[in-house]
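The structures come next, written out as structure tokens.
You will see two complexes here that share chain A, one where it goes with chain B and one where it goes with chain C.
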Partner chain A sequence: MTGTPILMASTSIGLIIVSVSIAMLLIRVIIGPTLPDRAAALDTLGINLIAMAGLLAIRLSTIHFNDVILLIAILTFIGTVALAKFLVKGVVIERNSR
Partner chain B sequence: MHLLHVAIVLPLMYALFAGLFARWKRTIHTGWFILPLPALLFIYFISILPGVSQAPLFASLHWIPSLNINFDVYADGLALLFSLLITGIGSLVILYSIFYLHTSEKLGHFYTYLLIFMSAMLGIVLSDNLFVLYTFWELTSISSFLLIGFWNHRDKARYGAQKSLLITVAGGLSMLGAFFMLSHVTGTSSIRTLLLQTETILEHPLFPVMLILILFGAFAKSAQFPFHIWLPDAMEAPTPVSAYLHSATMVKAGLYLVARFSMAFTPSDLFFILVTGVGLLTLCWGSYLALKQTDLKAILAYSTISQLGMIMAMLGFGSSTAILGAVFHIFNHATFKGSLFMVAGIIDHETGTRDIRRLRGLLTFMPITATLTLIATFSMAGVPMPILNGFLSKEMFFTAATELAKEGSLQAAVAPYVPIFAVFGSIFTFAYSMFLFFRPFTGSKDEADFPNKPHEAPAGMLISPSILVALVIVIGLFPNLIAGVLLAPATESILGGKAVTDIYFWHGFFNLPFLLSCLVATAGILVYFFRKRLDGMYRILPGKASGNRLFDGLVYSLEAGSSRVNGRIMTGSLTDYFQIILVFFVGVVGYTIVEKMPLDFMSSQLASVEWYEWLILLVIGLSAIVTLFIHHRIALILVIGVTGYGVALLFVMFRAPDLALTQLVIETVTVALFLLCFAHMPRLEKPGKKAPIRKILQIVLSVGVGVIVAVTGISSFRFGDQFEKISAYFLETSYTLGGGKNVVNTILVDMRGLDTMLEIAVLGLAAIGIYVMIKVRDREELK
Partner chain C sequence: MNGLNDLILQTTTKVTAFLILSFSLYLFIAGHNATGGGFVGGLMTSAALVLLFVSYGYERASEVLPVDFKLFIPAGLLIAVLTGVGSFVFDQPFLSHTYGYIDLPFFGEYEWATALLFDLGVYLTVVGVTMTIILSIAEDDEKN
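Moving on to the complex of A and B:
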């Protein structure tokens, strides 16, 4: 691992916090109890992944994960919207009513 | 290309035109167009006969020289004897069939099959190459199948055809196996060359196997015990076919084979035991059963079986008297049995039935037919009248049976018992022959029950049996007419040396064979008169122990068994198939690992694991395990989504940004697709109560698969650096050769672009497939 010790220490702390967060979100995804709970947990999980990817990018001192971060942001948004629509309307893509 | 080649192939070529003839002139019976061919061939074989008895003809034609398979023909005495029978009786049978078959029958088919058969039969007896012989051998099975099933609208004809095909082809295939061994052991596939290597063959450890396989083929074809069961069922064929195939030619193919190979095999004791034993058994069993039959053709079928057994037994004896007797009887049997079948056909044709219980007093209606039958049956019975050829060959059979003791130690040991079997079989032969003549032809015609009004057959129908019966008497009176020119060369080619071939016209009164003949005649008459008393015996001895029951049971249990096995394995349940696949996988891979691979895991090259890697593994593992216990679809797909995102994070950690990108998108799309489907699907049911054992087995199996894959993965790691990795090259040349700094992408589109192209094709196909599935379903609904 490259980087100064203080960088390493701070990313470690950040990763631990994010990991704990992920673990707790996982519990929420698994036990529910309702589907909106799970959907919201999954959305938050995606944001935690962004954080984790960012921390890892710092830790591995690379710029190649920036795409990943942006993608996760877009995907969690799309995914959550799709899921929300499914939960409300029962379908994701409606048929044209023309 | 020798004339012999032409002679063999000519009927086959001519068969191509038989159908055309049948269409061309409907007023003229097709048989008239066919008849000149066998007659011509017969004359040809007669013309080469004198030369061949001096020096056999040999001609070769390249067919597959690289495999040592050539269309070699070899005409010696034995081959010519059979060729003459095939073409001679073939001509007579075709002449007979012209009057027997009405022009409304499918004559084109009939003569096509018959000509194919004739070609095949000539091919068998004249081939010098094992594999060419086998080819023709199977061709006779197939054409015989077609001929037996000629009236294929009848159930029994189809049954008989199928049965004979199954049995003779089973024999033929085992014979092929023996031929492979023989040609491997001797290094040649030429029969002539091979027969000279008696020592090599007899001393080879595989010899008993070869012998049994060859004899299986010969016995199945020649209807020997216990493979005789197809012959009575083959009687559903038109009578000319029965006369030709099932008395004179095809059933003698097995005899030909045994005779042909006996030169090499005779010194073996096993050959003697099998051939003589089976022959005698067939003789007794066939003649015993013949007396029980009530159908004319069935009597003749069992009679053929028993006569073939007698010839087979003589071939087994191996002495020169016996061989001469066998050859003589082959000839004689063809004459009288051919005519008897034709006579049976005439009776069937003119009275409308073949059931012997309904026939009485035909003598007054059909005097000529009766005379022909009388001579032929008496010749078959071996009535001690020296004008009948059957008597002469039967005398030779008794002579050979009683002289057996002179041959060798084994022969001497069984010698006292052989005449007993011979006499027993002959007594019954005598009895059913009498039955065959006296029952339909004598008695009061008032008791009879004819479907048609009986009358004498047309002259054309009587020509062929008359010629054959005339031969019976001529050969009976002057056996030496054919002995020198025909029988002697045949005997010599079986024995492989000079043979004494004088057939005594009359042995004199006081010798053992003649006394045996008289004994047979007396006892036979007694059996004939007291045949009603035998009914009890027939209930006990064949009783339920008949070969037909065995065959039917075997076929039935094969079918039932295989359908049961299929029903057990092919349940239609994907779970079961998947379990079978996995069990196989665990078994094979597990066995290979346990047997072949030392399970020493190398830990020296392992990388160290960071703590956050543990963490993410924990998340993935936890969500994977949880999926097993969730019974709500959406919750399930969300948890699986967690697994997918976790894997994406792993890619990030292992520095694979492109993979991570793709994985994220795909995971999201998959989740969305699942959601699309879920709108249309019922709620996920709780799995029903399975049998606990089944559930435990499934758990064991899945754990087994996991362990096997894990062990394979871990242990394959130690082979990881045995070879130089190619990735170094890619890293080095990605920019210089590919012009890109992203090595993954350079590989995908430049270094291994072909894979990418095909993956694109896969995606395209999937898209088209989905589109079609949706659209076609809609269209179906519209209909």
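Moving on to the complex of A and C:
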């Protein structure tokens, strides 16, 4: 937790903005009228989590969050692909699809 | 449902699966000194394989990967046990691990550790368990 005051202030502002964004996305996930709304909101929620992890890595001045950022990106991508496949085709891993 | 075209998804998968596989290899190797290790490396590998299965369907993906993932579980457990038993050869207690330094031609001094072999067992077991669970669930359709 050793950073210059300007670093602390700017990461605080960034974290507050990302938190507001996550709260608004959670509203969309809860009241979203259709399932694709919820899927898109969850996808964007993952990207906001990446932003939050990056800001926390700057604030705590550590490099050990970089793997976590890449991991969240990969898991969000695969989760969204699986969810979209389920919404369109009804199965995630389809058989006899030649 | 066969008229749907997955061209963008399949082309993206061709690039992304190798990126995820190399990231999982990095996590597996770097686990000794940084974040990572056999468990999360195995999970990332199975994430890449699951992405292949999701994009290309069960038959085409298992044609590319003609591997029985159930065999990964005993292989990983065997490697993990053998690294423990191997310490008996050097008259040490069970699961004693050692390390040393060698000079690699390009990378310079490298610290090898036999804990990496134990981690390889963990990696293979995690890949086997995850892929067995997911593919077993994907296989049983239209039976009831």
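As a working rule, the second predicted complex is superposed on the first by the 95 of 98 C-alpha atoms of A that agree within 3 Å, B and C clash if a C-alpha of one lies under 4 Å from a C-alpha of the other, contacts with A are read in each partner's own complex, and residues count from 1 in each chain.
Methods note: a contact is a pair of C-beta atoms (placed from the backbone, for glycine too) under 8 Å apart; a residue touches a chain by one contact, two chains touch by 3 or more.
All figures in this text were calculated on a predicted structure; none of them were measured in a lab.
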Record, for the superposition on chain A, whether partners chain B and chain C clash or fit.
fit
Once the two complexes are aligned on chain A, which partner has more residues of chain A within touching range, chain B or chain C?
B
Classify the contacts of A:Leu26 with the two partner chains as first (chain B alone), second (chain C alone), both, or neither.
first
I'd like to know which partner A:Asp67 touches here: chain B for first, chain C for second, both or neither.
both
First (chain B), second (chain C), both or neither touched by A:Met8
neither
Who does A:Phe77 touch here: chain B (first), chain C (second), both, or neither?
second
For A:Val91, using the defined touch cut-off, is the partner it touches chain B, chain C, both, or neither? Pick first, second, both or neither.
both
Touching A:Ile47 in the superposition: chain B (first), chain C (second), both, neither?
neither
When the two structures are overlaid on chain A, which partner does A:Ile58 contact: first (chain B), second (chain C), both, or neither?
neither
Can you give the closest approach of chain B to chain C, taken over C-alpha atoms and in whole Å, for the superposition?
5
For chain A, which residues lie in the overlap of the chain B contacts and the chain C contacts?
64, 67-68, 71, 75, 78, 82, 90-93
Interfacial residue positions of chain A with respect to chain C in the complex
64, 67-68, 70-71, 74-75, 77-78, 81-82, 85, 88-98
Residue ranges of chain B in contact with chain A within the complex
612, 615-616, 618-619, 622-623, 626, 630, 634-635, 638-639, 641-642, 645, 648-649, 652-653, 655, 657, 660-661, 664-665, 668, 671-672, 675-676, 678-679
Where on chain A is chain B touching in the complex?
15-16, 19, 22-23, 26, 29-30, 32, 35, 38-39, 42, 45-46, 49, 52-53, 56, 60, 62, 64-65, 67-68, 71-72, 75, 78-79, 82-83, 86, 90-93
State the interface residues of chain C toward chain A in the complex, per the touch definition above.
1-2, 4, 9, 16, 20, 23, 27, 34-36, 40, 44, 47, 50-51, 53-55, 57-60, 134-135, 138-139, 141
